Amino acid sequence: MEQIGVSTTGHQGFYDITAQVQQAVANSGVQEGICLVFCPHTTAGVTLNENWDPAVRQDMGVGLDAISPPRSQYRHGEDNSPAHIKCSLVGASQCVPISASRLLLGRWQGIYLAEFDGPRRRQIIITALAG
Amino acid sequence: MEQIGVSTTGHQGFYDITAQVQQAVANSGVQEGICLVFCPHTTAGVTLNENWDPAVRQDMGVGLDAISPPRSQYRHGEDNSPAHIKCSLVGASQCVPISASRLLLGRWQGIYLAEFDGPRRRQIIITALAG
Amino acid sequence: MEQIGVSTTGHQGFYDITAQVQQAVANSGVQEGICLVFCPHTTAGVTLNENWDPAVRQDMGVGLDAISPPRSQYRHGEDNSPAHIKCSLVGASQCVPISASRLLLGRWQGIYLAEFDGPRRRQIIITALAG
């Protein structure tokens, strides 16, 4: 098990952590198995999506804002209910298969910390299991 | 592997099962690894979210109702398509890392059974794997 | 670890891969544990939902189109940002517990490849871990 920190810089954004996760898998010594990438926060999550065109992450932010906007019925005092809901929608974690000590990601897949209520200091917990 | 039952009391709601999952991890004897919390239903799921202010769960219900409302084009006979869609959005399961026989949840994270078509008797299957 | 291919036939649709995943679990020799069903694409995912009434899958498509429609603010050049967002919403993978060499799915649960930008040739990576 390994932990990494990410300092997010804006209210919402997607931060590529693929290289750090791959390094943690290499450090673990696991050759075949799965890797759990887990976010221990409730207004940030982890998602897999395209690693090439940055417009995809920008569009994801636009789309998630449209799907989970502020709503007048919300009662949570911190005014960040839209972020809590986005977090449950994209998920707090992702699992990726490992083969030959490498993450078996697709060619266009990157692993992203999804910040929905930043800027903040965030943690990610990486666990590799042999299978 | 351990199974717990939850009797939900309303049409939609979030039920804190963190203590039962932690107990199942302790029972499993797994010290380092991951825990899969799995819901074998198609109109209920599992999500991680804030364990402190109950308004967050209330707002999540409001938000998910707005994201997946009834729609006139739906054809499924049981009239619960919004629940099926919510289930695919929040997911049927969550994975949480285990360290020193404890779930490595964040300070504000709880594990919730998400009921979208209750009240019903629901099952949750808890599997701990050593890593 | 096993890989299966699925040729999708329309722009959006849900393809039942439960039998192939069960076969991969049997081939793995894992009796108790978990199975990761992983999609290495960014405009297709994996979801669990009802395996009985085909109208549920049809309604899921209608619902996801309403949740993630085309939006004029999108900038990604391939015009498939709605599909990328659906992919992050339903998720790239699902984990299912294994007991007595069988997937512990509920009676009404099937495992579906969710195509959001087809038709395409898709891959699914199946990893079983003993626990």
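As written, the chains take the letters A, B and C, and residue 1 is the first residue of each chain.
Everything below uses one rule, namely that a contact is a pair of C-beta atoms (placed from the backbone, for glycine too) under 8 Å apart; a residue touches a chain by one contact, two chains touch by 3 or more.
Here the structure is a predicted model, which means the values were calculated and not measured.
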**Message:** Give me the superposition rotation angle from chain A to chain C, based on Cα atoms, as a multiple of 5 degrees.
**Reply:** 120
**Message:** Counting residue numbers used by both copies over all numbers at the interface, does the chain B-chain C contact come out same (over half shared) or different (under half)?
**Reply:** different
**Prompt:** Between chain B and chain C, what is the separation of their C-alpha centroids in Å?
**Reply:** 19
**Asked** Mind pulling the chain B residues that touch 2 or more other chains?
**Response** 33, 67, 89, 91, 95, 129-130
**Item:** Residues of chain B touching chain A in the complex
**Value:** 32-34, 47-50, 53, 55-56, 58-60, 62-64, 66-67, 89-91, 94-97, 99, 104-109, 129-131
**Message:** For the complex, give me every residue of chain B touching chain C.
**Reply:** 1, 30, 33, 36, 38-42, 67-68, 71, 73-78, 81-82, 84-85, 87-89, 91-93, 95, 123, 125, 127-130
